[in-house]
Each structure stands twice: as structure tokens, then as C-alpha cells.
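In what follows, chain A forms one complex with chain B and a second complex with chain C.
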Partner chain A sequence: MTDTTATGAPARRFRVSFQTLGPVLALIALIVLGASLNSNFLSYGNVTNVLARSAFIGIIAVGMTFVITGGGIDLSVGSMAAFVAGVMIMAMNALVPSLGVGVPLVLAGMAVAMLTGLAAGLLNGLLIAKAGIEAFIVTLGAMGIYRSLTTWLADGGTLSLDFDARSFYRPVYYDGLFGIAWPIIVFAVVAILGEIAMRKTPFGRHCASLGANEQVARYSAVKVDLVRMATYVLLGGLVGLATIMYVPRLGSASGSTGVLWELEAIAAVIIGGTVLKGGFGRVWGTVVGVLILSLIDNILNLASIVSPYLNGAIQGVIVILAVVLQRQGKSAD
Partner chain B sequence: MKRRTLLKGAAIGLALAAGPAVAQDETYTIGVAIPSATHGFMGGLNYHAQASIERLEATYPQLDFVLATAGDAGKMVNDIEDMVATRDIDALVVLPFESEPLTSPVQAVKEQGIWVTVVDRGLSVPGIEDLYVAGDNPGFGRVAGEYFAENLNEGDNIVVLRGIPTTLDNERVDAFTAAIEGSGINVLDMQHGNWNRDDAFNVMQDFLSKYDDIDAVWAADDDMAVGVLEAIDQAGRSEEMWVVGGAGMKQIIKRIMDGDPMLPVNVTYPPAQIATAIELTALGLVSATPVSGRFIIGSQIITPENAESFYFPDSPF
Partner chain C sequence: MTAILEARGITRSFGPIEVLHGVDFDLVPGEIHALIGENGAGKSTTMKILGGYLQPTKGELLLDGRPVTFPDQRAAEAEGILMIHQEFNLALQLTVEENLFLGREKRRGPFLDTRAMRAEAREWLARLDCHVDPRARVSDLSVPNRQMVEIARALGRNARVLIMDEPTAVLTGRETDVLLEQIARLKAQGAAILYTSHKLDEIARIADRVTVLRDGSHITTRSADGFTEHAMAEAMVGRELSDLFPDRPAPADDVVLEVENLTVPGHVRDASFKLRRGEVLGFAGLVGAGRTELMEGIVGLRSATGGVKVNGQPLRAGSVRAAREAGLVYLTEDRKEKGLLLGKSLTENLTLLALDRFGRLFIDKQAEDRALTKAFSEFDIRAGDRSMTAGSLSGGNQQKLLLAKTMLTEPQIVIIDEPTRGIDIGTKQQIYDFIAALAADGKSVIVVSSELPEVIGLSSRVVVMGRGHIAGELTGDQITEDAILRRAMGVGELTGASA
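And now, the complex of A and B:
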């Protein structure tokens, strides 16, 4: 340590890498902890469970990375997921008599989910980018609207997918390719495409410049409104995609579906190293953040070493620690 | 709820028009204040409140009802104040959103000589209400525990999913633990599934990874039971264990009626308790029947034999 800090350049390199690797180190520490507490932790079944259940928040969090990088925020994604799930289930139930149970029905349901998600994202985007209302207020309002619309659609109860349609659709969550479950594959593809979009495309650069300084971005001929709107539409579409993976799992939606998903997604983004006030985003970091959050839950359930009353507290401590590890380098600069 | 209220309004209108024109000397107004339908149990409660109001208005033309649903304690207080000020109610049936903030408003209602019926959650000052109607939380845990004690052998392993950490959940779990004490049943683990399908699914997946031998699951709630059943199905261990939920959700009751081996029984905690409260309050107004006191609705065990009488296909819960 002292040797490296003596000279300027290597110290900087060390700090940068440490900062980048913070979340990864936290993830590795959690994996080691989990494996030492329970021998089943690294079993195929458990790893599949954890990755598959991370997929919903993960797919949403990739979209959230773009929104936050662009200096925005979206609090409505959890309610939106519940609403999209509700609309999708009702649409599929209504289409069973005309389409029958089969691939067309599932594809129609998927199309409905994607369109509903994109439309909801577009609405958020229009209000924020075109009408110029604060993202926090628009999406806070949308959060309440979608949550109560879902309760209304379900008449206060639960919307359940037609039993036969459900049995047919079920493999979308539970089966997969070469032993890797579909939600994991979709999550991985979304994450890789997201990483490429963030790093290699003009869209990613425009998001970052928009979040860093809107005026400068505007003078640099970035179509600010369009980029901002695109981030919300992208997120809406990914909420639709996450819902497509979510519905086959339990085949139902209710007012309590997706509660607090928005905060988990935002937390994952920040743990992963994206800056909350915008200007810098890291998609692979978000993926690590999502995995950290799901692993904490999983380890607490597998270990049951502490009172379950304290689960929330332990989660909180680990989340803060992961970010502290990562920011140490920055505050020393 | 608007969709349903509209339909119900039309139905009530028809029922009133067609109802018998009984000569009546006095009319009464009963105010009903309940939380809005934000989850399955409250959805069922709203359904049963409306169904019993509809029935009573048709039976007793001299009764008038005001139903208000509130999303938070503050709105519920406003609703109650409005009922007293503008509708001149003779009786109030209230399921307090929270005990503390509603205690003094309800007390003020009582001091004006209005009959007060409190449902499910007690007020923080005892003796305000004329009638208290509630489900039996310790009984809910005890009945389930007794079933486990009778149907499992010494050394059998079970796991338990708990609800949201609350007094209510503690009462249920303590009674369950007391009921299986001495039976030799081994409780491997208890974790909170928060009365939520997704949380219960995740917790059960982890239980299944952690324990190779589970003989039964007390899911303590039907929403959690749905998540638990799905996790067990995914792990392909359906043959190995059975699940007991609770509260009598219609989909679960249906499966018990059909004799599903994974769901041998269920324990009631009926959302229809609001109907008991409204009916008793109405009875007290229109007749000389004494109805003051405490009415605790026992938690019953639902078996394939009696499931039909607990099955309400029209209820959202």
C-alpha cells in the first residue's frame, strides 16, 4: 500500500481499479460467505433459483441504469410491472376462446405486455421530456395510478391466468436451454446489449452527456428531449419484458405484485457504480448490484443464523457497505 | 371498486323497487367504515360488506346504509365525521384502519349516543364499543397446530412461513408452536413470507435447497400457500410434503374440495366477519334481540368434506 501511494500514477491506477472492483469484491465476499454457511449454496438448483428470481429486477434495473445515467429517476416501475401483468393476464384470458391455448395465445400475451410497457414508458417520457415536469413527481404519480388501477382491475383480489393457458406458458419461466432457465438467458442478453448500448453507441454517450450537463449536451447538438424520452420508453419496454418472464411463474397478479421493485432496481443501479445524479452509468455494475441484493436474501434464508426480524437491517448494512467500498477511492481524490 | 359499486347500486335499486312495502314506524341509518380493497383479504371483506348490506336493505326497508371505504386512517376519520354530521347515523360499524388514530374519533361518535360496533382490530381504549366482532388469531394457529400434531409422527420435519412481523402474526405463531409442543415434530425453520406470493415462493425455494427432508409446510396464509406450492412443484418434491394455508381463499378451497393430496385442510379467518358485524348491528336496531358484547368467530378447520360451505365463487378472495 505505502509503496504504491508513494508515486502518483500507480496510486491512481490502483484507486480506480479498486473503485471499479468494489461491487465485485462485495459479490465475491457474499459468495464465499454463502458457500461456507451452507453446502447447498453453490448447488445447481440454488444458483438457478437465485439467478432466475434476480431476472425481473435485473431486466428492469438495466433500463433504470439508462434513466439514472441521463439524470432522471423512475419510481413507477414496480406498479407498472403489476399493471402490465394484470393487463396481460386479462388479455390472455379474453383471447383463450378465440385463439385457443397455444403459441399464438402466448405470443399475443407477450405483444400486449410489450405494448403496454412501451406505452406506459412513453407516457412517462412525454410528461417528463415534453411537458417538462420533474421525473420524481411524474413517476411518483404514475406509481400510485398503476398500483390502484391494478387493484381495480383485480377488483381488490387477484387476477389469475386461465389454468390451461398457464400450464402451457409455465415453461417460459421454469424451462430453458442447455439447463439454463429462460429468465437467466433473457437477463443475460438484455445485460450484454445494455452494456454495448451504454459503451459503444451514440445513445449511451448522449445519456451520459445529458446527465452530466444538459446545457452542454444541448449545445453539442444532442437531441436532449428525444434522448430523455427514449430512456423512459426503453425502461417501459424492459418492464414489459420482465413481466413476460414474471407471469408464467405464479400465473397471477394483484395489488401486491412488484411492491418496492422500483427501490430494489434503483439500489442495484447505485450499488453497481452508476451515479445517482446522472452523468455516468455502468450496466455490468448494475448486474452485480442485482446479484448482491438477491444473494443477501438467499443467504439469510439459507443460513438463518440471526432473527428473521433483523433481515432488513442486515440487508441495509450490506448495501451501504458495498457502496462505501466503492466510493472510498473517489472521496480520497 | 367503482365497477362493482355501480353494479351493486343497480342491484340494490332493483331490489328496493321490488321489495315488500311494509308499513314502518321508524327508519334507521347504519354507517359502515372499512379499509379499501388493497389486497385479497380486504377485497373479500369489501365483497361481503356489500353483499350483506344488499341483503339487509332488501329484508328491512326501514334500514338505510352508508358504506365508506378508506385508503388510510385519516380518510376513515373524515368519513366517520361526515356520516355523523350529514347522514345522522344511528349505528356505526367500523373496522379501524389503525387502532390509535381512530380511538378518539370513534369515542366521540359513541358519546353522541350512537351504537358502535368494532370489527377485527380493537381500539386502544377498552369499553368504547357496544359490540366487538373479530376472528380468532390464537385459534387460527392452534387449529393448524393440532392438525399437524395429529397427522405427523415424532421426528417429522416441518417448515413455517410467517406473515408480516406484527402482533397478529406473533399470536398465531405462538399458538401454533404451543399446539405442536410435545408432539416431537421438528420445526426446521421459520421465515417471513410477508403474506405475499412472490416472497413466499422465494423463501420456499431456499427452504427446499437447504433441507433434504421436509414432511409438511405451515404456510399460514393462502396467498403464501400459492407461492409455496409453486416452489415445491418446481423442485419436483410434491410427493414428499403437504401444505396447510389459511384464511380460505376460493382457489385453495376449490382444490381442497377436489381432494388435492397436497392441500389436505385449511383454517378459516373469514373476511365475512364484517357481515356478522353488520347483521348483528342491524338485528339490534330492528328488534329487541340483545346483541351487545364480544363475538369471537372461531377458526374452523376446512376439510374436503365441509369445503363446499366455505366456497364463495363470486368473492374476489
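And now, the complex of A and C:
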């Protein structure tokens, strides 16, 4: 459509479109709004609170970005988190007599959580990539299975961590480095590594090619099954990591732990500009998406203009709006 | 005879760029008017304007002598003007009859009148000599049959004007014959037909008049009588054309690829052949003969049994990556669905197959950029700008990008499936030269093609496939269209000089 003389490399980066900037602008607008509604909004306490609570969904959403970019979906992450938390707590309680309360116990618990998460992700990945069952079906099934298993493990109630172990483990959520809480640090590290993996590594490129057109990827010697499986295993591992940060917060897990996390994670990914049908993903966008969602929640709680009960409705509107804006950006090209 | 549909001085711009400069074109009942030109000459734009898909920026359209404008293609369809697309407009998950009646289903009361629709669908398909079950799902049909369904749909809408955009691009010789017969029949029934094709022999065969476009300008409109293929090609390119095919280099004696009793379940039985260093080996046969399946079996894209040896070493089965590492690569015939990521950038497409050469842990973007620059010059890829998507390149440039992508792995053996499908003659020549240069450089090339002149012109040896097995092998002077077709269709077993 343009003329045929190919010009060189310069002058190509600065086409920052509204599509790219949209989520960032929305985030800035929310911060301005929050600050003007409540003077406490930008206080250290509130910012830490918002970020620390975003961390669980955020860590999971980074993994979800890879799954969605690769043309998949994972609906099971919320109940998977509950299940991992339950298993972790039971394992730690069982280990208290032999290991005592201390660093080894916590490390053992973390290892159990990571392994459970990775195994759950691997199972999803195997069923989807090797057995060739639709991701939606597999993870919808897994969602029900883990949720029910957790309730069963808790015998309909709550699984609580041993009291002493809980006190010992608490700082992993509440303490931090240089005044930054651990969950925030972990989230930041995961996000940065994710962003690098998506943009700069063959794995990220392969995910995008897989989501864009699986046939082309296959014909281009991409190990399609392996990459697809890797996205689910990665997500499972990140669910494990998120759970490690989550358990010390309350020290318990029940059938209602992590309810709707999958939807929040998917919503954050979509708001961030990742294409739902795959082929293009943006990890930093997902981070922005997570922050937008938790800021809305926070602002509704701080300012009493709109009922906090409407949180879900507003988030729903934002998700739909984000997709509409993306589509306009595409057709304007 | 007056024209049904006439374009006068039509001009079309996309943004600031004018791509069509005052083109005249007319369609007369009972006539086949061919529109030819290289990729980017403005054929598609002209056709889309005639078919109501695009509006001219300047100039006018006359329908039965009266000025008209078509706001969209539905308006044109309502006047009996139908365009048959290169990319099919069929709903793959629906059946043939559902497609034929899509949007204009017959009803009986509130319900669909399936019986009447099926009967009518049968009749239309029978008129085209097309033996497809109306209840078959389109996704299960072969490409040529889909083409027939597309044409049957046009028939069903009582088309007065048929605009056919390269209908034979994906057909083999025999299927093309059937299609051309049908087109002649439609013409005899009084339809006005606009026909485009890169295959000039077809144009010479069926066209009554020919219009040549070059770079968006009208070059000539003349009677097809006495307009030779060579003269057409020169009018399209705008310069004299030397021989289309380069000299064939002489192959060495050592065997680089040895395929033994390869069987691809359902497609190929016991295929064995050898490929030598520096050789161009042609694979000919009808569509469905199993050529593509055999090649995909060799490189590990399909499960296959039997032996494949590269340089004497057995190749691990079922792994495209192992084949690539052994220096064996396959260029698919389906560049849009299997070759390129149309929505992705040129760079991402270029380096996808050889990505591990651009860094194990991190991708070296500067090296990628340099690779793109090199590919542009080496393969003469013409792109508007470097950040465009592969899908917005013209067909010829897409094919060159696919070549560049494959060559980035520095293969020893290249299998090219339909190297010039849907590509203009200028680009074709470039690709032929490139294939010959590869062989001259000591690489080995397998060319799978349904265009016999191409197989004959490029190859020093030709393997003919028919119905899933290797039906014969021809070398040197034996390679003729006649000899290939006989073997492909399994007639006249080696009777030598035909009686």
C-alpha cells in the first residue's frame, strides 16, 4: 500500500498507538481519581496493601498471559490455588512433629506447593497438548475437581495451619525488604522475568507463533506440543508461587479460597492488550491490567460514592470496554 | 454486441497512493475477456471495482449502458454480477448444499425446504460435472472441489457476469480442463466472463479478448487471436523476455537423500527414490497423487514408516527439527495457512524456523534486523516498510519471504512444493533462477509442481506419482508432458513412441 522503496531501520519505534497506551492511561486516570477522592489513597499503607493483594492474581496472570498468547485458556487456576494451599497446609501440619517449627518446615511447605502446582499444570498440559482435548474443557473439568477436592480435604470447613507455624510463616506476607512487602517483590520479579521471556526469548516467540497459527509453527519446526505444555506447566508453577505468598496471609484454606481468581486473571490479561484468541501477548500490559482491577476495588472501598458491591460490575464493564477499544485500534490500522 | 458491464477511466487510490490509473474495461455477453498482468498490476483492484467490493475514486461504471454505482457487493450481486474469489468464501463447517443456499435458503412455511434445496444443488453440481455429495461438509472437500462449489453457487444466482480470480491456481491439468469446459459452456449460455490467470496457456486457450495491465495502467486490449503467450508475457512485463528457465546444472554422483519404502498411511505406499548432490529432481502427478504427503512424510510432518537417509545417516522419524538439523527443509505449498504467520511482522516470520541461530537464551534483535536486510536484497523482497505484516505483502513477495525463511537454516536439501503458485511471471523467473543457482551451488532441490512446464523446465530428472505410489521416473529427453501424463494416469505402460 505504501511505495516500494524500503527505507532503513530508523524512525520505526515511535508509533505508540492508543491501543498500547490505553491501559496505561486508564491506570493513570484511576490513580488521579483515587488521590482526589481520598487523601489516604497514596499513603504508604494503602499502596502496600493494594500491591500486596494484587500480587496473587498478578503472579498467576503473568502465567496466564503465556497460556492465552499460545492460544489456550486455563479456567482452573482459582481452584488450583485453593487445592495447592490445602495440600501445603496439610503437609506442613503433618511435618511439624518431625521438622519442628522453623525454616526447614517453611521450605518444605514451599516445595510441596511448587510441586503440586507444577504437577497440576503438567496434568492440564498433557491432557491439552498430548491428548488433544480442548483447553476450555480440560480446565473447566479441572476447576470443578480441584474445588471439590479442597472442600473434601477440609471436610467442608477450613484447613488451618498449625498455630506456631503460622506465626513463623506470617512474615513472608507481611514483612519485606527495604519496606517493600515480599509479595510485591516476588510479583515484580515474576513480571520482569515474564516480560523478558515474552519479548526476548525463543520461548516467547514460539508461544506467539503457536497462538497465531499452529500449523505454521509446526511447519517451522517449533515443538508445538512441548511449547503448549510448557505454558500450562509455567502457569501451574506460578499458581504454586502465588499460593506460597497467600497462605501466610490468613494461614488457612477452604473451599472458598481463590474463588473467581481465574476470571480476574483472564480479565487482567485481556485488559492488558493480550489477544484472547492468541498470537500476541504483553506481560507488562497484564501487570497494568491487574493494577487497574485492584485499584477499582480499592477506590470503591475508600470512597463511598458507589457501593463496593458493584465492584464486579465495574470490572466487567472495563473488560468489555478494553476489548472494544482494542478492536477499534485494529481496524484503524 | 453491447457491453453488460463497462468501466470507463476508473482510477483508484488507497490513501495518497493511486494504484489504478484510468483503466477501461468492458464485458460482453457470450465472451470471455481475460485480464492479465503481474502481481500488483491492478488486476485485483479492477475486479473488485467491477464486483462492487471497492468503489472507484474516479471514472464510472456502466451497467447495460447506464451509469451505476455499487455501494457494496450485494448491490452488484443483485444485478447478477458475481465474483469468485481466490480465497474461498465458503463456510467450511457447513455442507455443500448449505453453502450453496447460504443467505437465500428455500423455505416451506417457517422451515427449511431441505429436499428442494438438495435437488437443486444436485442439479447445479451436475451441470458442472462435479461429483460431490451435496451433504458433504466443505471442510472435507479437496481444494478443486471447493472451487467447483464456489462456481456452482454463482450458477445458482443466475450470474450474468462472472468475475473469476485465478480459478485454476490450485487445480491440476485435468481439473483445469474440466473447469475450462464449464466456463466455455457458461459462455455459450450467454454469460459475460472476466477471467484472470497467471497461466498464459489457459488464456490463449479460452479467452476471446485480452486486456493487459501493467503498474496500474491499461496497456492494451486486443483480440486473443494471434496474441501468443510470449507476446502476452512481454506486454505484462514491459520488456523482452529471454528463456523463462535457466540452464540445468549437472548433478554430482553422490546421493544426499535416500528414501526407501516410505509409506504414509492413507496417502503413499512404498515410495523409494534417491536425490543426488546438485540435482533438481521434479515430482509430477495429479492432485491427490500423494506428492505433498510423501514430502511431508519425509521431513517428519506426517507419521510415516520406512527409511529416510540423509548423507547415509538415518533420519529420526516424525521430527521436523531433526530433519532441519540434518539440512533437510520443506517449503509448503500452502504459504498462507502453513508457511507464514500473516498477522506477524516480516522479521518474526523470517527467523521462526532458524530462531536458535539468533541466540539460545535471548533473541538477538539486531541480528534479526540484519537478516531481514539481507533477505530483502538477496531475494528481492519488495515491502513497503520493514514493520509491515507478512499478510500485507503481495503473493510473490510472500513466496520470496518463505524462501528466505527456509534458506536461513542453510539447508543442503530443499523440497519446494508448488514454488510458483499464484505468482506472476516476473517473480516466477526469479524463483526459477534461484532454484537453479541453489543446485549450481551444490545444494539439492526437489520441486513438486502441478505445472508441467515448470517441472520439465527445471528438473534434470522427474519422478511421476500416481495414486499414492511412484509410477515412473524420467530423465533427459524422456521428460515430456506426454510421458509424464501417461505415467501419472497409469495408461500406456512404456509403449515408447506412442503408437
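To be clear about the criterion, the second predicted complex is superposed on the first by the 302 of 333 C-alpha atoms of A that agree within 3 Å, B and C clash if a C-alpha of one lies under 4 Å from a C-alpha of the other, contacts with A are read in each partner's own complex, and residues count from 1 in each chain.
The rule we apply is simple: a residue touches a chain if its C-beta (ideal position, glycine included) is under 8 Å from a C-beta of that chain, and two chains touch if they have at least 3 such contacts.
It should be emphasised that the depicted structure is a prediction, and the values quoted were computed from it without experimental measurement.
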State whether A:216 touches chain B only (first), chain C only (second), both chains, or neither. second
By the touch definition at the top of the document, which applies to A:208: first (chain B), second (chain C), both, or neither? second
Looking at A:305 after the superposition, I want to know if it touches chain B, chain C, both of them or none. Which is it: first, second, both, neither? neither
Would you check which partner chain A:154 touches, where first means chain B only, second means chain C only, and both and neither mean what they say? first
Which of the two partners, first being chain B and second being chain C, lies in contact with A:38: first, second, both, or neither? first
In the superposed arrangement, does A:103 touch chain B (first), chain C (second), both or neither? neither
Quick one: classify A:174 as touching chain B (first), chain C (second), both or neither. first
Of the partners chain B and chain C, which touch A:46 in the superposed model: first, second, both, neither? first
Dual-contact residues of chain A, meaning touching chain B and chain C, are none
Contact set on chain A toward chain B in their complex: 38, 40-41, 43, 45-46, 49, 53, 151-152, 154-158, 160, 174, 249-250, 252, 254-257, 259, 297-298, 301-302, 304, 308-309, 311
Residue numbers on chain A that touch chain C, as the complex places them: 1-4, 6-7, 9, 12, 196, 200-202, 205-206, 208-209, 212-213, 215-223, 279-280
Within their complex, state which residues of chain C touch chain A. 14-15, 17, 301, 320-321, 323-324, 330, 332, 337-344, 348, 352-353, 355-356, 359-363, 365, 369, 376, 382-387, 392, 405
Spell out the residues on chain B that touch chain A in their complex, using ranges where they run on. 1-4, 36-40, 42-44, 46-47, 162, 165, 189-192, 196-198, 201-203, 205-210, 223, 226-227, 230, 234-235, 251, 315-317
